[in-house]
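So, here come the structures, one by one.
You will see chain A twice below: alongside chain B first, and alongside chain C after that.
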Partner chain A sequence: MRDGMVSRGLRNFGMARSVIVVFLVYLLAHAFYLGLPMGQLFSSMLVRFGMNGILALAMIPTIQAGMGPNFALPLGIICGLVGGTAVIELNLRGATAFAAAIVVAVVLGAATGWLYALLLNRVKGQEMTVGTYFGFSIVSLMCIFWTLAPFHNKEMIWPYGGTGLRNTITLKGWFDRILDNLWSFRVMGVDIPTGTLLFFALFCLLMWMFLRSKTGVAMTAVGNNPRFARSMGLDVDRYRLIASVVSNALAAVGMLVYAQSFGFLQLYQAPLFMAFFAVASVLIGGASMKRITLSHVLIGNFLFQSVLVVSMPVANVVFSDNMSEILRIIISNGIILYALTRKEADAA
Partner chain B sequence: MNFVRKNSVPLFFVALCGTGAYYSGLGASFLLNEIITRLARNSFLVISLIIPVLAGMGLNFGIVLGAMAAQLAYILVVNLEFRGFVGVLSTCVLSIPLSVLFGWLTGILFNKAKGKEMITGIILGFFANGLYQLVCLTFVGWIIPVRLASMLLPDKSGAGPGIGLVNTIDLRSVQYSIDNLWKIRITMPDIRNFCAWMGWDVTIPPSIPITIPVGTFLIIGLLCAGMYFLFRTKLGQDFRAVGQDRTIAEVSGIAVDRVRVAAIVFSTVLAGLGQIVFLQNMGNLQTYGSHVQVGTFAVASLLIGGASVARATVGQALLGTLLFHTLFVVSPQAGKNLMGNVQVGEFFRVFISYAVFCVALALHAWRRIRDRNAGDE
Partner chain C sequence: MILEMRNISKDYAGNRVLKGVNLAVEEGEIHSLIGENGAGKSTLMNVLFGMPVIRNTGGFTGEILFDGRNVDISSPKEAMKLGIGMVHQEFVLLPGFSVLENVKLNREKTKPNFLSRVFGKKMETLDYPAMRRDVRAALDSLEVSIDEMMPVRGLPVGYMQFVEIARELDKSKIRLLVLDEPTAVLTESEADTLLGAMRRLREKGISILFISHRLTEVVAVSDHVTIMRDGELVDRLSGGEADVERLAELMVGRRVTESVRERSVPETGAAILSVRNLRVHMPGEEVRDVSLEVRRGEILGFAGLAGQGKVGIANGIMGLYPAEGDVTKDGRAVPLNNPREAMNAKMALVSEDRRGVGLLLDQSIELNIAIRAMQTQGKFLKKIAGLNRIDAAAMRAHAARMMRDLDIRAGGEGQHTRRLSGGNQQKVCIAAALTLSPDLLFVSEPTRGIDIGAKKIVLDLLCDLNRTHGVTIVITSSELAELRAVCDRIAVIYEGRLAGIVPWNASNRELGLLMAGAAKDGRASERGAA
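Let's look at the complex of A and B:
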């Protein structure tokens, strides 16, 4: 009995995850061998884990509701960016600015998520393809918005000549590292971004409660077997709508958490490929296109972000400068391809 | 009325292109020249999408791999310093085995992801782009030797050639070698003198001669004829049968998986040749950029022509290419004149090329669900 459990446990741990773990251990060993500052590396691993966590968390509702990973993540991300630029335009600073930005982002994210669900409910079975291109088209439509919107704050618009907002807006003096620095402390040369980690933990807790609520259970039932759910009297489209709303609102919040750690708001084409990295990270954690748990998000997010953090300095020393970016593209898209071709028998 | 409903997408884009052309203020002969050039440059690539659509595999975003094969072949040919028509011909010959290999692998992958071919193709394009960068940026000059030092990025110290291919590879040695096979120039009559003589006070830009690369168009015509005959062979009929219903095809003794792989191999090889036609006209190769948008642009063109995920014709491909690239030419100027900003027109065009895909797919999925529901009742 115990034997069976161990081997099943290993099998469940998954090939992709094992490969990434081995790769991460190798990278860490190599970094140590190269004499890179390990304290700094571990600090960045923690920061990256916290800053990308909520974006990865946004994958849970849509996968659970049977809509696949949310490839339209840029939609929510842009709502977060609108929130961020709006509070700077209003000249808010510090925690007030961050809180206000979150409120704007959540409202916009939920509203657009609701509208997006109306489209998705009409394209059942093609959510991933439609989502990808919907995300792309929203990003390019918003490029026009960033160019033409009547923003006046001098720190956001191009100083002279050009029209519209800058490509990159620095958050220094607005809400730069507002969570990272909250209650942060240093252990053995490792800076702990307590605020960001606690904020992520709070959202994990909320998600955990949501999945166990009546709505969450019904949503999972809809995802597992829509026909059965319908025969039970559940309104399939309504739960898909809820999943889309929650996912998009999370993406909007996730973007602001990301931005405060990163220190900049990146507009225009920047959100274009962000969805793929979030999708890849939960898949590395062991999620499939149809099944995901909170632990998949936590493990995957940690492994993926850590590999990126550690591979950058190692690759730059050993190979060329572009190596870590290439690695990021290969790993993230490779894992998505792997998940797409996997038979979904294990999800049942 | 039925005609309007059936052709709503192309008609919408005809209207959009017309409006754009009007507000762009570009001269008719300039516009015509640009459009003819772009039609010759891009049609081949768009036509390469048709076979997988008819084989029921949707829009093959995997043609990016064909474009990569073509570019690798070009890199090799430039490295060997082949010139002119011989250069392009040897590029074609070199690209085909690579395309076949890539297409074969893509086909196998698609067979493992049936029903999800399109999203798999999109992701595969990104993934392959990563591998392509890995080869061109780190292997070339390190593991793979290069004859011409000018093709390599300079070393970090700036002393000599380093590792990785340069961002732009000059293809002037083979430029226009297909286009120049047979070229006609037509000068439109200059109507300015006529207007002045009539006493009309209108400003018309000067007429410039229109160049028609007849050779390239002949090759495209040959491809169209080839497609026509392909679908009258056994293999062509198998493509259609598989596209209509996989199970029935399987039952009637067609090796479905093999036919599907064949469809993708055909598509990838044609895309490779298409990219060769494209690049011999451009005259330079953006090592890390020329292939990236090939899939999106070709797919958007085909959809704008009125094709759907399950139905596409050569005519739709040509019409779509014409409309999409007209939009390409007019939108920056139209954006400038309407919004006071060149970039807005550019962003709008990008938005359209993505959005048209969304709308087309949504319409298709919608129709399929409606058909299925109708079947249930």
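Let's look at the complex of A and C:
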């Protein structure tokens, strides 16, 4: 009986997760052997865990509602970027700026999520493909917006003047590291980004409460079995719409949290592939295209981001300096491919 | 004898579906094969055609003689080679192709051209004039005047049937043609034309095995009739001996109808539900016009052959399929096409499609039991800071009680329903319906796909609910024996209409006639109806 539980526990832990855990341990050992500053490494692991967390969290509603991972994440991300640039244009600073940016981002994210759901409800069963190309399209469309938008703040427009925003806008002096530095402290050479972690924890708690609310349960039923949901009088399209709105609003907030840690707003083509990294991280955590829990998000986000953090210096020392970026693309695309080919029956 | 099947037996994992069946079809005759759903007709045909499903499940015992020779038919292709053709109930036609192309598909006549001399036979030109002559001949032998160049899309359903038959006829050496319920989709005049065509084929020396539920047609055309019931051969009659009433009685038969339940409901009860002119658009189970009343406290059964519409009634009333008509519950009109209104009227449904509609397979037993009541009646919720949150403790306690009361065997309230046995899944569905505290419960095919022991438990459970909780129950079932065992009255549905309502102990002949649509006039038997 005991043995059965152990082996079942291992199986439940999942192939993908096990491989990544082994890889991460190997990388850490290697980093230690190379004499890299371990305190700094652990600090960045925590920061990256916190800053990417909400973007990964945005995968929960759409997967629960049976629409697959939200590949149209760039839509919400762009709403976050618009929120960020708007507060800079209004010349707000510090906590006020961050809060205002989040309000703008959530409103825009929810509104565009609603519109996007109207599209998704017409293409049931193809949400992932449609979402991917929708994400690509919206990024390209917004490139026009960034060049034409009537922003005037000198910190954002090209140094030589005129209209059009820069590729990369620094947040130094606006809301750079505003959460990272909040109540931050240092133990054993590791900087703890308390604010960012708490902010992520707050959203996890909200998501947990949402999933266990009447609406959240109805959404799960819609995702599990639309015919079942209809038989008890639930409006399937409505719950898909709610899922899309929540997911997009989370993506918008997630982008701002990401930006404050990163220190910059990256416009134009930057959001193009961000959906894939978020999707990959929850899949590594053990989610499938149809099933996801909070623990999948937490574990996956931690493993995926940690591998990236640790592999960068290790690879730079051992191989060439582009290695980390290549690794990121291999892991994220590989895990998505793996999840797509996996039979859904064993997801139970 | 063109075909003799001797002593055919077949079991699926210990479940015997054919028990030493004999079937003998003479040269140039129309031989009918009749039986209720589940009597074993399709399995027998699967054996005849060497379908993979037979081989993959351990094969069969017995022997098949074709034209006097012992044959081993191991694939449909071999059956075809022997000259056995089959027209299926569902059409296998390409809508965008013409009649000719459908008939000749993959058997095209070709003539050589210069490309084919270089690249081989695959490159030869289609010989349309020759093919048109063939197809015309096949269609003429059926005496139908379809243009062979017309696309199949847009043809009336009856004509599609003829295209299918023409395809079989065009296979040059067809000796035996199997028609599986060919008239089920036809109008009366189309069916007459088909019967005429069958007679003409008989004159040409082609034997026909005719599978049908329409007993009047069977009597009209058959030289012999073989009747099956519960996987056994019941009788073989010659055409002259067969009349509709006798066939009906033989088909339904006298099965063990041990009474599970004491019936003590007064003959005339007040109506809890009244249905007027109900039409339900459920594909395959269309309800065309049903009016009836369900009495408070009774157990009413819906009987009828597959496809006649019995399943559609409960689904229509509960709003799962588009419906029209008037439904009144406790004197109040119930809006149709709205599952929530139906549930608010204290009605609940245990669906016939357990895994498709009845359950969330990847969710826990407790959620499956609670979710309908949670979403429609606000049970198992508690308000925290103005938000409706799940009351997990209440949900679990309720599930535990239901699992004890209904004897649901599982690893706990949290187990997913996918891995439960059919019987336990059915009990979860019933528990979920009961959680809505209905006073009228619709149960469709309560024992389909569950083993014999569990069957009795489920039926006993329904009887118990009726007796101790006073729940009025409407059971839809393909198994007449089951309805006889628990129902007070049985309503028979035929072609989407009520053929009649009879007491549970009505004679087999009466029930058989109603199910075959052969009662003297459409609604002859109103005995026992309010």
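Definition applied: the second predicted complex is superposed on the first by the 340 of 348 C-alpha atoms of A that agree within 3 Å, B and C clash if a C-alpha of one lies under 4 Å from a C-alpha of the other, contacts with A are read in each partner's own complex, and residues count from 1 in each chain.
Assume a residue touches a chain if its C-beta (ideal position, glycine included) is under 8 Å from a C-beta of that chain, and two chains touch if they have at least 3 such contacts.
On a predicted model such as this, the values are computed, not experimentally measured, just so you know.
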Superposition on chain A - do chain B and chain C clash or fit: fit
Contacts of A:141 with chain B and chain C, given as first, second, both or neither: first
Which of chain B and chain C A:25 touches, first, second, both or neither: neither
Which superposed partner A:213 touches (first chain B, second chain C, both, neither): second
Which superposed partner A:291 touches (first chain B, second chain C, both, neither): second
Touching partner for A:334 - first (chain B), second (chain C), both, neither: first
Between chain B and chain C, more extensive residue contact with chain A: B
Touched partner set for A:230, first chain B, second chain C, both or neither: second
First, second, both or neither for A:132, with chain B first and chain C second: first
Shortest CA-CA distance between chain B and chain C [superposed frame, angstrom]: 6
Complex contact set, residues of chain B against chain A: 109, 112-113, 115-116, 118-120, 122-124, 126-127, 129-131, 133-134, 137-138, 163-164, 339-341, 343-344, 347-348, 350-351, 354-355, 357-358, 361-362, 364-366, 369
In the complex with chain C, residue positions of chain A that touch it: 209, 212-215, 217-218, 220-221, 224-225, 227-228, 230-234, 290-291, 347-348
Residue numbers on chain C that touch chain A, as the complex places them: 318-320, 338-341, 343, 349, 351, 353, 356-363, 367, 371-372, 374-376, 378, 381, 387-390, 392, 416, 418-419
Residues of chain A touching chain B in the complex: 71, 119, 122-126, 128-130, 132-134, 136-137, 140-141, 143-144, 147-148, 163, 276, 319-320, 322-323, 326, 329-330, 333-334, 336-337, 340-341
